[in-house]
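Both of the next two complexes hold chain A, though its partner changes from chain B to chain C.
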Partner chain A sequence: MSLVSGPGRGGITEGQLPSELRLYVDKHVTYIQSLDKRKDELEYWLTEHLRLSGLYWGLTALHLLGQPDALPRSEVLDFVISCLQDDGGFAAAPQHDSHMLYTVSGVQILAMLDALDEFDERVSGGREKVARFIANLQHPKTGTFAGDIWGETDTRFLYGALNALSLLGMTNLVDVDKAVEHVQACANSDGGYGTSPGAESHAGQVFTCVGALAIAGRLDLVDRDKLGGWLSERQLSNGGLNGRPEKLEDVCYSWWVVSSLAMIDRLHWISGSKLQEFILKCQDPDHGGISDRPGDMVDVFHTVFGIAGLSLTKYPGLVEVDPI
Partner chain B sequence: MASHGVPRIAPTEARTGQARQKELEKIEEYVDLVAQVNKNIAERHFTIEVLALTSKLLKRNPEDYTVWNHRRLILQHHFKNPPAASAQSQSVSTALSASQQSVLDLITSDLGFLVPLLVAFPKCYWIWNHRIWLLEQSTSHLPAITVRRLWQDELSLVGKMLNRDKRNFHGWNYRRLVVAQLELHSPSDGHADSSDTSRQTSMVETEFIYTTKMINSDLGNFSAWHNRSKLIPRLLDERQADAAARRKMLDAEFDLTQQGLIDPENQSMWFYHQSLMSTLSPECPRHAAIVLDLTNHDRCGYYERELARVKEMLDDYQDCKWVYQALLQYAAVYREVDAGNKACTTTEMRHWLRELQRLDPLRSGRWDDIEKSLGL
Partner chain C sequence: MPKYAEDPAWSDVEPLPQNDGGPNPLAAIAYTEEYSEAMSYLRAVMASNDMSERVLDLTEDIINMNPAHYTVWLYRAKVLFNLNYDLRKEIDWLNDTALKHQKNYQIWQHRQTIINRLGSADGETAFIAKMFSKDPKNYHVWSYRQWLVRRFELWDEGEIEAVEGMIKEDVRNNSAWNHRWFLVFGRDSSAHKEQDVIERELEYAKKAIVLAPQNQSPWNYLRGVLRYAELPVSHVRDFALGFAPADSPDDVRSSYALDLLADVYEEQHQKEEAIKALDLLATKYDPIRARYWEYKKNLLEQPTAAA
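Right after this comes the complex of A and B.
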């Protein structure tokens, strides 16, 4: 079992938009199911390095669309376990190395399939092994986390670590207070957060930092009005959201911005209906999938974040998503 | 990673038999190359030939993080067991041993390999990450003066990268890292003893000038404004600026924003103005503060002056929501410091709020909340 996460090929000619603004549920389900059957496309092989995350994105989209069984559970589980490495981390695919990003995806899939116990049965002490891999990547002095043994640090990894450890019920293995201190050090005067202390605020990093604080139970540290104001200014007149001031809109911010707003109770500070309109315009109505902007190539990354954005803004018929 | 800004193309079915065959051949070639690299790494064949194979792969697909790891394993092996340096490169060197020279050659050649990749894929985390790793390696294998020269070259590289894309946040993060490293490996310090902070040479003044240059070429470059806001408090501390110098700096920055607000839709400018206003607050942390001895009387003076300046903009821009937003926000803060102030009335505030609700319906939820919280 494996699944391509790279671009699917949109079927409509350039510039042509969906005629009717509705969610093409069946098309998206078929699109996600088709991703594993595209081995005759070079893109399939060029995206192997993010296969496990691709599977998580596809599976999450299917859960939100109310079709959690559209991918065969046992094959998904087999693939996840085949990505587990000797060091306790997950790789993107069997021939790859462990990394925090894919370890988080692995744990998220196991949790979503309610398979954590099964995982322990199949891999003795599996949960603890994975949790220790994650815990060992925390920097003892600064509280931040590296992505792997090569040492790159980023608040993306810090959030991922807390997310996975909380799903595993093992946040006690790390110094949560130190991690919170690090997040605080990444805060800026505009209310947002950056990748590291001193870095410019970015909606993706706002999500990771606010998410980490939410998991740590420290949302009291967020200046909600200031951050909410900055986040709400991400919405442009076409309804789409950008990630930083004066940048282009992109469907993936429908997740990073909107889930952050939801975590600080400011979801109503943007127009949900305008955002929904924008996301629906990014669909490929013929072959399924959602792209970054109308008319562009679709991929599973934008598909899940588009659908999650619709779910957060209460689009009818979708399963409600947890913003954290 | 995911596809950004890639136009939709014809579906799979539409590809002709020939194009399809060509794609299958490309796949076979790629998969073979991956298998070849994996096999060599598994057998610990850390040779220069295998390094060249990883180059070939990474040029096709710089997002494949595992191949970068393979590359580091090979380089690490050669750093530990350096081959004899070529006679040519030895002659260039001043005081390097033969093994140091060969480490330097490897690092320099790898840094060179990355440049066209960075230009082609400026948003790829793994390329930046590998570059940082290489430079970190230089610290453990090479003399301080050589390390410093390497970092010095990085400063000009990142300058070029930021000229190509003025907002690239990888570029700005990298610039801050390079500057921190150069400050650490200062020229006066032949031994690069990082524990001796007194010997570090600060670059805060030149970096401040750099932000001015970037802002002058594009007032909407929020990345530059952001960096400036982080540099100013440090700059003042290092200048050991007295109270008067600090006030002068704050005034100069407020004046600068006035120039920028010639375009009232310049969001970057408003966010910078807002960040200057937030330094007036008694809750502003010391590391972000500009003036350290503000009294409430001083605060009121600043609020009045800035409110008056923004109000003046209403003469020309009655339909710019940013003007009303700033007025309302600053008036609310001013009211907290001095409830009886004459600079703005509740009637005015109510009017600004109505204008915001009219001009900016996307965020009506926010304006409604503000209406309630301010009791308007």
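Right after this comes the complex of A and C.
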């Protein structure tokens, strides 16, 4: 799935009443289907290093829109398997390097397509190979996870590792307690979490930390009221959510903030209807797709997180999403 | 116009074109062709494990076109170390590249690898300041700065002064506030509990609040310091009252002051007052989070909260 942006921009002609806003389901489905047919655009190739994640986002959006078969399953599977590298990790595209992020996307796609058994049939011992690649990226002393052999660590990788391993049924390969300890060290005095100990609280990192704790069964470690307070402060008066104090609203936080609130049972602390209004205003009603905020170019990343935000806030007609 | 195919320095390399099964639809756009050619040479050198100096030119070329391609960075670092290349020169080049590609984060990972190997932070703060002049909230740059402070023990090397300068410029820069917290409290938890440090930090936050009362960052900071020092919130009761006078609900200048006062009232068992403050937040000063304020009110009603 390509990450090329556009062609259209999000935004609906001014003057529409909130009650007139609606989700353009068919347009979004066509938009996602068309993304991989744009190989004559430079951006298609410039975003190749993200392709596997892009595919996961596109598929997730289609699942939520109730059209999981809109992309041909066998082609998707072939592509995922072609991204598998000898070391057991997945790369973003064939002939690229393995990375934690794409390995997680690969596993997520296999799980979403209910293809983990098929994967083992096509690649002998495939599941275990992948799980070992992930487990080897854990730092034995600190419990953190690196993204690749170069050792950069980030709570995104930690969450991804636990998520993929739990889908593979192999969390026993890593030291979950140590990982939990590391997440705790990333908690800040404002209630949020950053990318590493001491780093500024950021809604994306909150999602990865709370998600990791949820998978580890350790949500008891979260001060729910304090974190919920910080998360709900992300909503601005236009209904949109930002990722840190004094930053602009952006549709992608509809997923990170809202799913985090859902995991700690504080979803009702923000205004779901105002958020829905904001997301719906970021659609391109003609060509489909959702942008970060009204007036900007649409892309698949903001499309899936916008739809997921709508699903979490129970927008009618969407498949319900699991916040983790 | 093929660039590498006609360059004698590359005549021994057989480019490896993209193998995506279908016909190559790239030919239409010249720039795309250039990128695609360079990538085919990269694939070739990686396949033969070519570590010669020309690979630096090739990777530089690709990075200029597409700095987010992580494989290119990884291979470049390998070649640099293999050649024992002058890493200062690499940093000079990185400076320009980082300024050109503000949103990119692979650059910062690469920089960290290089500076770590160099073992010196000389010139880094000056360059960071340049980055911040373009975007003072760049998350990658702040993360890199924290790494730098820890790696080279820069705690007392002008960091606090630098961060004060940035907060002076924009009192709402939450990233700068976070860095201040990191410098003062993130270093050694026991050594910084001293009374004068706590007082200094409380005063610092208060001064910033006076400048812009409706600003989350210093209020969060103030609360953080109180919690860290194990002081009750009522310690700043009078200060908060200055922004949310209890007797005139129309003159509230900060919802954060009102929020803090609600906690003060709760702490001091003034339940009626606390409920009044929370009601004001829910109806007038922060209605979008009405449900949150309702929840806090319900907690007050529970016997455990009053104890």
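In this section, the second predicted complex is superposed on the first by the 304 of 324 C-alpha atoms of A that agree within 3 Å, B and C clash if a C-alpha of one lies under 4 Å from a C-alpha of the other, contacts with A are read in each partner's own complex, and residues count from 1 in each chain.
Here is the rule we use: contacts are C-beta pairs under 8 Å (C-beta built on N, C-alpha and C of every residue); 3 or more make two chains touch, one makes a residue touch a chain.
Just so it is clear, the model here is predicted, and its values are computed rather than measured.
Undergrad: Mind checking the superposed model to see whether chain B and chain C fit together on chain A or clash?
TA: Overlaying the two structures gives a clash between chain B and chain C.
Undergrad: Spot which of chain B and chain C makes contact with more residues of chain A, would you?
TA: Ranking chain B and chain C by residues of chain A touched puts B first.
Undergrad: Using the touch definition from the top, say if A:D250 reaches chain B (first), chain C (second), both or neither.
TA: Touch partner of A:D250: chain B, not chain C.
Undergrad: Applying the document's definition of touch, where does A:G228 land relative to chain B and chain C: first, second, both, or neither?
TA: both
Undergrad: Looking at A:S291, would you say it contacts chain B, chain C, both, or neither? Reply first, second, both or neither.
TA: In the superposed model, A:S291 contacts chain B only, not chain C.
Undergrad: First (chain B), second (chain C), both or neither: which does A:V25 touch?
TA: A:V25 sits against neither chain B nor chain C.
Undergrad: Looking at A:H302 after the superposition, I want to know if it touches chain B, chain C, both of them or none. Which is it: first, second, both, neither?
TA: Once the two structures are laid over each other on A, A:H302 reaches chain B alone.
Undergrad: Go through the superposed model and pick first if A:P94 touches only chain B, second if only chain C, both, or neither.
TA: second
Undergrad: With the two complexes superposed on chain A, say which partner A:L116 touches: chain B (first), chain C (second), both, or neither.
TA: Neither: A:L116 stays clear of chain B and chain C.
Undergrad: Mind checking 7-15, 97-105 or 187-195? I need the stretch of chain B that runs into chain C in the superposition.
TA: Among 7-15, 97-105 or 187-195, the clash with chain C belongs to 97-105.
Undergrad: If I apply the document's touch criterion, which positions on chain A are contacted by chain B in one structure and by chain C in the other?
TA: In chain A, positions 39-42, 45-50, 91, 95-97, 99, 148, 150, 152, 188-190, 195-196, 198-202, 228-229, 232-233, 235, 237, 244-247, 266, 268-271, 274 sit in both the chain B and chain C interfaces.
Undergrad: Can you list the chain A residues touching chain B in their complex?
TA: For this pair, the touching residues of chain A are 5-7, 9-14, 38-42, 45-50, 91-92, 95-97, 99, 148, 150-152, 154, 188-190, 195-196, 198-202, 228-230, 232-233, 235, 237, 244-247, 250, 252, 266, 268-271, 274, 284, 287, 291-293, 295-299, 301-302.
Undergrad: For the complex, which residues does chain B have touching chain A?
TA: 1-12, 20, 23-24, 26-27, 30-31, 34, 38, 60-61, 63-66, 69, 72, 125, 129, 132-133, 136, 167, 169, 172-173, 176, 220, 222-223, 226-227, 229-230, 267-268, 271, 274-275, 278-279, 288, 361-366, 369
Undergrad: Going by the contact rule at the top, pick out the chain C residues touching chain A in the complex.
TA: Contact set of chain C toward chain A: 18-20, 22, 25-26, 28-29, 31-32, 35-36, 39, 43, 65-66, 68-71, 74, 77, 109, 112-113, 137, 139, 142-143, 146, 172-175, 178-179, 181-182, 185-186, 215-217, 220, 223-224, 227-228, 288-292, 295.
Undergrad: Would you tell me which residues of chain A are touching chain C in their complex?
TA: Within the complex, chain A touches chain C at residues 39-42, 45-50, 91, 94-97, 99, 148, 150, 152, 188-190, 194-202, 225, 228-229, 232-233, 235-237, 239, 244-247, 266, 268-271, 274.
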